[in-house]
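Shared between the two complexes below is chain A, which has chain B as its partner in the first and chain C in the second.
Up next is the complex of A and B:
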């Protein structure tokens, strides 16, 4: 019975926590510019994410180690400094983007400049991390995040052509704006598979004392939760394609993106969009922040845990506090939230091979996962997609940023 | 298109390569300007369409005055940014199409500013009138893939 409850809670919170600033902005832009044509990118990224999260949970359950701790042990600190630094940089940018997204959500409802909300939001994140345990961070915010199902409802209400959507699961070349198309495909992958998720899920598995006997719960949660989450992301794309594209509206701001709800939800449209954006971004900012504490503590072997009294894990708290302050500093310097988001998620794909490839090696090391090693297909597909994505990102990011 | 120069007897292969390269560069420069203007036009059309959608949503009671003001302010800022980018390319402004685009963009900017004022004053009749004057006709080349 307990396992079933764990499974349902895990799946529901995975759905609620799936959509955040990156997935909303990339899917909204993709839908407004290319219709359904980039659905395949969401599908591939979701499948990759499901495989990776399942693996990270499996590693934690079998080896009792998180991804960061296992990489540190297996490859040494000198090796790990490279992915650690890259991940720290990206996580800082992503925290800034998420706080920015939450601030924009409040701005949509209040007309008070988003810059005014950055500091209070950062303080709220820190207070939540200081006062609450892992269950509140994971389940509380995940359940609130179910508001993002509004994207699926709106897509459903708009009666899209299912055959067209089905056809878009196969990649096709666009008939215009090739660089932009490739950039959006890369960004969708980066927004869906944030490297922080690997360590966050494995840390969560340790926090919740996941055991080898419950590996099936981990597998079912990862695949069901992520697949349903991917449907929410597709809901954003389909709604944007059906509402914004026919009106020739390209998404250059969250204010424009919010319009996608108007035909379906009428006067509830903007509050719903703001709620979905705000809660999604706030939840992701909290997860990202606590994960930086996890990562540093696990790499340097400090005491860590969101469920531990804060005085027992002072360095864990200091680590996430410092990263949150860095993100806040970047935010206060001044930035365009949408542009920063697009840049961060695209850069995520560049660093992905640094994080994913060592992880795949671990998942084939019997010292860590015993007989639960990954199959040849999973290894091959993940390694190939990660490398291809990284190379594509290196090519298209400069072209997109500096004019292809 | 650049002028077509017929090869003469005295021209060696290196001259031909040079001329071909110059022609290529000239054509590329033309294409780049075309692309730039096309890109700016798409942005302005999108922003004009956004302003229209925002205004109509407010008129139909679907959105609050608070959101409408926020969204129009943001749209105004984006138009101004795009205008500044367009103005920073002298080649684009010298071109007739670029100059027309710049004029229409300025008109769009003014209409959005006026719309913002009308919304703040809750003047629905003025908003309705103003929406009819938004420049940039719906594009014809948007055969986007769906």
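Up next is the complex of A and C:
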């Protein structure tokens, strides 16, 4: 019975926690510019993310090591230094972008400039991390995040052509703006397969004391949670395609993206969009921040844990506090949240091969996963993802320059 | 034993199972007529940074000196103090009695002074 509760809670909160600043902005832009045509990118990226999160959980449950810890041990600091530094830099930028997204959500509700909400939001994130355990961080925010299902309801109410959507699961070439199309496809992949999620998921498995006997819960949570989460992302794209594209509204700010809810929700459109954006971004900012503490602590083997008294893991607390302060400093210097999001997403793609490659080795090393090694199909898909990731890493910067 | 695979970068825990850090650098002793042998390992950011690049190690040591947390660091654990090398490297010392705890102790004074820290 306990395992079923874990499963349901895990799946529901994965759905609620799936959509954040990156997925909303990339899916909204894709829908407004190319209709349903980029649904395939969300589908592929979601499937990849589900596979990687399942592996992260399996690695943690069997080896009692998170991804960051296992990579340090298996590959050494020389290998880890580049992706680790890049990941922490991207995480800092993403925290800034997520705080910005949440601040814009409050601006939509209050009409007070988003800059005024940056400091209170950062303080709220820190206080939440200071006062709560892992369950509140993961499940509490995930449950609140179910408000993002408004995107699915909106898409459903707009009665899209199901055949057209079905056809969009296969990649097709666009009629216009090839570079922009390619850039958005790559960005969707970068926004979906966010490296922090993998370490956060494996850290969660350790925090929640996931054991080998409950690996099926991990598998079901990863695949069901992520796939339903992907449906929410598709909801953003479909709503944007049906509402914004016919009116030639391009999403170059979150305020414009909010208009996508007007036909279905009428006068509740702005509060609902603000709620979905705000909670999605706030939840992601909290997870990103605590994950930086996890990463530092696991790489150096300091005492860590969101369920531990804070004075017993002072370096863990200090690490995430400093990263949050850096993110706040970037935010206060002045930035465009949407542009920063797209930059962070592009940088994520650059380091993707270095994030994916270790899984190919770790998930076949019996020292870490015992008899739970990956099968031929999973290895094949991972190898393909590493190669494709390598190609994307090379093309993403030119694409950002010419199509971003 | 494959030193790089089985010892370097492994987690180190004290005799009570408390996290102490990782095996950041190995200390080898070279005799005139004998093969080099491992006599100890070091734990600490300066040892780790020195492994990445010597200048980086000096920089981290300098930062530790500025913050006055450099005494006894990097921590040197003699191989004779190693209890077991399995999933983790278990050593016969107590974390709190070594300089590995210096930064944790210093930060705890600040963290512990805040409300709801325990």
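Note that in this section the second predicted complex is superposed on the first by the 393 of 404 C-alpha atoms of A that agree within 3 Å, B and C clash if a C-alpha of one lies under 4 Å from a C-alpha of the other, contacts with A are read in each partner's own complex, and residues count from 1 in each chain.
Rule of thumb we're sticking to: a residue touches a chain if its C-beta (ideal position, glycine included) is under 8 Å from a C-beta of that chain, and two chains touch if they have at least 3 such contacts.
Since the model is a prediction, treat every value here as computed from it, not as a measurement.
Of the two partner chains, chain B is the only one that A:35 touches; chain C does not reach it.
Annotation for chain A, partner touching more residues between chain B and chain C: B. Of the two partner chains placed by superposition, only chain B is touched by A:241; chain C is not.
Look at A:317: by the touch rule set out above, it reaches chain C but stays clear of chain B. In the superposition on chain A, contact of A:359 is made with neither chain B nor chain C.
Judged by the touch definition given at the top, the superposed model places A:223 against neither chain B nor chain C. When the two structures are aligned on the shared chain, A:258 is found in touch with chain B, with no touch to chain C. Looking at the shared chain after the overlay, A:107 reaches chain B, while chain C stays out of its contact range.
In the overlay built on the shared chain, the residue A:131 is in contact with chain C alone; chain B does not reach it.
Residue ranges of chain A in contact with chain B, taken from their complex: 33-37, 107-111, 164, 172, 174-176, 241, 245, 247-250, 252-253, 255-256, 258-259, 262, 266-267, 269-270. Residue ranges of chain C in contact with chain A, taken from their complex: 4, 8-12, 18-22, 45, 48, 51-52, 87, 103-104, 107-108, 110-112, 114, 116-118. Partner chain C is touched in their complex by these residues of chain A: 64, 69, 72-73, 76-78, 81, 130-131, 300-303, 309-312, 314-315, 317-318. Of all residues in chain B, only 42-43, 45-47, 49-50, 53-54, 57, 61-64, 66-67, 69-71, 74-75, 78, 138-139, 142-146 touch chain A in the complex they form.
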